[in-house]
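Two complexes follow with subunit A in common, the first pairing it with subunit B and the second with subunit C.
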Partner chain A sequence: MARVDIQADPTNLAGGMPLPDSPTVAVATGRQRLVAGLRSLGVLPTIGLVVVLLLVVVAVFAPLIAPFDATAPASIDTLAGPSGAHWFGTDMYGRDVLSRVIVGAQVSMVVGFAVTIGSLVIGGLLGLVAGFVGGLVDRILGQLTDVLLAVPGILLAIAIVAMLGSGIRNVCIALTIGQIPLMLRVVRSATLSISQRPMVRAARAIGARPSRVLLRHIAPYVWGTAVVQCTFTFAHAILYEAGLSFLGIGVQPPEPTWGNMVSEARAFIGSQPWNAIFPGLAIVVVVLAINLVGDGLRDLADPESRGRGR
Partner chain B sequence: MTTEASRPVEQPALGESAENVIEVTDLVKYFPLTRGILFKRTIGQVRAVDGISLQLRRGETLGVVGESGCGKSTFGRLLMGLERPTSGSIRLLGQETSRLNSTELRRMRRNIQIVLQDPYSSLDPRMTVGDIVGEPFDVHADVVPRKGRRKAVQDLLDVVGLNPDHINRYPHQFSGGQRQRIGVARALALKPEVIVCDEPVSALDVSVQAQVVNLFEKLQDEFDLSYIFIAHDLSVVRHIADRVAVMYLGKVVEIGTEKEIYEEPTHPYTQALLSAVPVPDPELRGHRDQIVLEGDVPSPANPPSGCRFRTRCWKAEEICAEQEPPLEERSDSAHPSACHFAKVRDVIHAVE
Partner chain C sequence: MLTGDLGQSVRSLQPVTSVLGERLPVTGLLAIGATLLTIVVAVPLGILAAVRKRKFADRALLVTSALSLAVPSFFLGILLLIAFAVNLRWFPVYGYKQLGEGVWPSIQGIALPVVALAVPQTAVVARMTRASMLEVLSQDYVVTARATGLSRLRVYYRHALKNALIPIVTVVGLNFGALLGGTVIIEQVFNFPGLGTLLINSVNARDYSIIQGIVLLFGAAYIVINLSVDIVYAYLDPRVRYGQS
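After this line comes the complex of A and B, so read on.
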């Protein structure tokens, strides 16, 4: 994701380096480009990127990595503190908290990616159309967006899940519906501002069809903005999924998610805080990491905002 | 508005025989001012172009001058079909273009092209020079066969004075003047009859302006082009234009040959504009006839009655508020001038 965006940035056609005079010198190896790309991304975003990639690996190979069974109760050792055998301790059914955090990452990642892709495709396309076509289409979409945004995100998600029923698929649908208006707005405003550029008028002047103008001259410039918004969508999705699971209407136990782990740990938070701390920490770390990546990408896409946030 | 009155008078002096490539008659473009979110209603209109009639002859350069907001750029976009006129007619090579559908409009663009003002923002930074100049061939696929396109693009680069070997470079690797040459090459790609130049040198350094203007002149001879040259820089227009139209608040107030406009201006607005051109000779500075206008340009959403210039004109009398002066030849003006009191006043040479 990140590398695609670095290449999409027009000032970074040679991976952050100024283009040399002769075009033959401009051939950089893949590794050089990656290093140059990461350098222009900055230190904190790079750390965030590493954390996110690690988590993706953990989620994909969760069953292999997890030292214990994440769902089967083992009544021998309930509510034990961190130890050599159980690094994060055990919960009230004696299950290894570390294993549950690792397996729980799967749900977070699946929800994160599904919601991000869903809202990017639907919200992004609607935003492009609204910004480009304008007129009545834009006004109707704008009003619908305003209505959806007027409802608090978590309340909207609860309402939709209540209608559709719990389960990971319905959680994804509910969160996607909640994220579409945000993506639509961001993409629409980027489309609007890029449509005003003289180069778009230049394309129309040579007789380019609207589809060509939109796909060749507008969409590539909206892409950077959309990718930045995607990182925030991803973080939102993980947070909201945790919230829904915490409230008991998301993914149902015994399937572990960070949200329902924190929820189950509430009762013992005074005496056995690690039960809540570790899944809670997982949520904080991953959301923070994603936001760092998002900030870095935004700075790349919009050099004017660089330095303000650091 | 004043459809009958503003019909222009042809000048027999400049070639009755010359063919008109563009004929504009009573061209009007109003932009609605709207209010409301879901259901919009019109609360007023900005009269950007309000009844323009003029002709462009083959091989001629018609300068269009006027200050910011007088509608000259809107006029250029109307000619290009980038805006639809509210009313009036534009005939390009005898064909009415103001009511074409999108396919016909695309076909029309082979005959008329535009060079935009800012060579930095009008070139797509992600495309190579070859892609930018060759894009017209992608859009009009039957002009040059796919195999010959690279060669055609290199020829175009050569014609505008760029190195054909730089075809794979990106716009940011070029200077402002070179970028404008890229824009010109792109406009030439479809071999148009007419090129609308919308302030093509305003964004360039003075030293580079002359080179680009000379390029325009060279290309005109080479390809028998006709130009509509929109600018606010009067000296550039004087250099390149055969005829000049002076615009004020959406209307042409005076039109004539370059010599008539610059040496025998009869409209007070033209005289004021010319008197504002800086004097290069410091010895003469301050000695020339200087006309300083009072006040601002009125809003085009609510123009004054009668003559639009009367609110700032030192000659204004009652008749100016009551009757709009038509653009026509008058007893003291050999060329069309829209002033009740048109009279020659040589502001450029006047020295005390």
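After this line comes the complex of A and C, so read on.
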């Protein structure tokens, strides 16, 4: 567990974000390490971060940015290729594909953030407790995790959506349940390794309450690992949501999502492949960008893992 | 349930086990084909990247594996269809119809879905092979073997790979779950009537006993595969012994 020096090396600013100087403090907390981390992220992860932030802006202001109504026909010319009026072409009802891709970003971003926050809060807290308390609690949580992880992620999501019904809220719940065990494992093992440190034993020795030790002495050091895992959760959530929508059991048409757009376009790949290619590319770009950020953050947290497989 | 009776389909009233049994060969064929293709492609690629560390081949592998992990499998499948079935006409759009009509048509029919399934797996396995080989290649015995005049290929594939295999086998086993999940989507893209297609139809028909059966079957398959992986360890590394402590 390498810690990032909060006074970032000034020679390492090359690809970093132009951020104001952080105040000098004695102890590097999670947030300050993150700020310093952004400075030394490197070129590719910074590009990834910019892309993700741009997409968040696009998702928030989607109705203002989209040139046409995403759910109403914009042209009598159906299944048209890219043109000056419709950059990404039109679909089988004459709807503007660019507008639909822009509005579709909303679903991906909402699901991405909801699932990430949900699994961070639930999986993170359970992981902290499992790693810190150990014993029976740890064993029960471990077994539950194993059971959930034995079922392939997309299958678990399909089964839960089948029980709850489709729609964006149930998709978020299903994907969160699938991602919690992964977050739990990562946070638990980080908690275990930090609990062994002398500073934690010292804190307990001077009589700090367990809750204080956990939240003040352990959690800040687990934070970095959890943030890295969050990026992968985010990417997984977007991929799985697209998969569910593609299968027709996620967010239902006519509300556009990248997944159900590719699904609708599938019947027309012989005559109009662009309808499938643009929303698909949108998924690739977002997921790639998030993974770049995640790889950059992981390299910072653990320089030895550089270039290794996940 | 513990006796192997999964009940009846709510819709067709057939026993769940026989419905699943009908569909299992299609999914099994896809999963096994994709696993074989993954191993055949990923291991040499990973070794190449490890041997040519930080050179072009290594960088190329890193970039392509990052890219292929970002492509959703259904989109990859559709891209393959657009390129190789619609435009180049090398492969059929409805490959399933060609299965069992001779060797070549069958291979043609199953090629695109298997490739679509294997690509993300290949990325993961090749990365793991690279990392595992890098560790082994730096050991003294590899240097010694090269110094005695053995050819590069012999040293890499016979001497080094043997000791690098355990993490590779592990990651293949762990990713088998993702592969099974991938078949659900890929079967939809390529219209293969396997367990995945059955699952989606059952979800739409609210046939819960079938859904439950498929989830159980996939979970069991995953556990069996990973148990076999544990057993394979003992063959790969004589130091691993079970039953004694």
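Please note the rule applied: the second predicted complex is superposed on the first by the 264 of 310 C-alpha atoms of A that agree within 3 Å, B and C clash if a C-alpha of one lies under 4 Å from a C-alpha of the other, contacts with A are read in each partner's own complex, and residues count from 1 in each chain.
Methods note: contacts are C-beta pairs under 8 Å (C-beta built on N, C-alpha and C of every residue); 3 or more make two chains touch, one makes a residue touch a chain.
Note that this is a predicted model, so its numbers are computed, not measured.
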Touched partner set for A:A205, first subunit B, second subunit C, both or neither: first
Touching A:R197, do we find subunit B (first), subunit C (second), both, or neither? first
Is A:L144 in contact with subunit B, with subunit C, with both, or with neither (first, second, both, neither)? neither
With the two complexes superposed on chain A, say which partner A:M92 touches: subunit B (first), subunit C (second), both, or neither. neither
Looking at A:G243 after the superposition, I want to know if it touches subunit B, subunit C, both of them or none. Which is it: first, second, both, neither? second
Quick one: classify A:H217 as touching subunit B (first), subunit C (second), both or neither. first
Residues of subunit A touched, compared between subunit B and subunit C (which is higher): C
Under the definition above, what is the set of subunit B residues touching subunit A in their complex? 37-38, 80, 82, 102, 105-107, 109-110, 113-114, 116-118, 121-126, 135-136, 139-140, 168-170, 172-173, 183, 186, 189-190
Applying the document's contact rule, which stretches of subunit A touch subunit C when the two form their complex? 149-156, 158-159, 161-163, 235, 239, 242-243, 246-249, 259, 262-263, 265-266, 269-270, 273, 276-277, 280, 283-284, 287-288, 291-292, 295, 307-310
Which of the residues in subunit C come into contact with subunit A in the complex? 62, 65-67, 69-75, 78-79, 81-82, 86, 93, 124, 126-128, 130-131, 171, 177-178, 180-182, 184-185, 188-189, 199-200, 202-204, 206, 208, 211-212, 214-215, 218-219, 222-223
Enumerate the contact residues on subunit A facing subunit B in the complex. 10, 13, 19, 23, 139-140, 143, 197-199, 201-209, 212, 217, 220-221
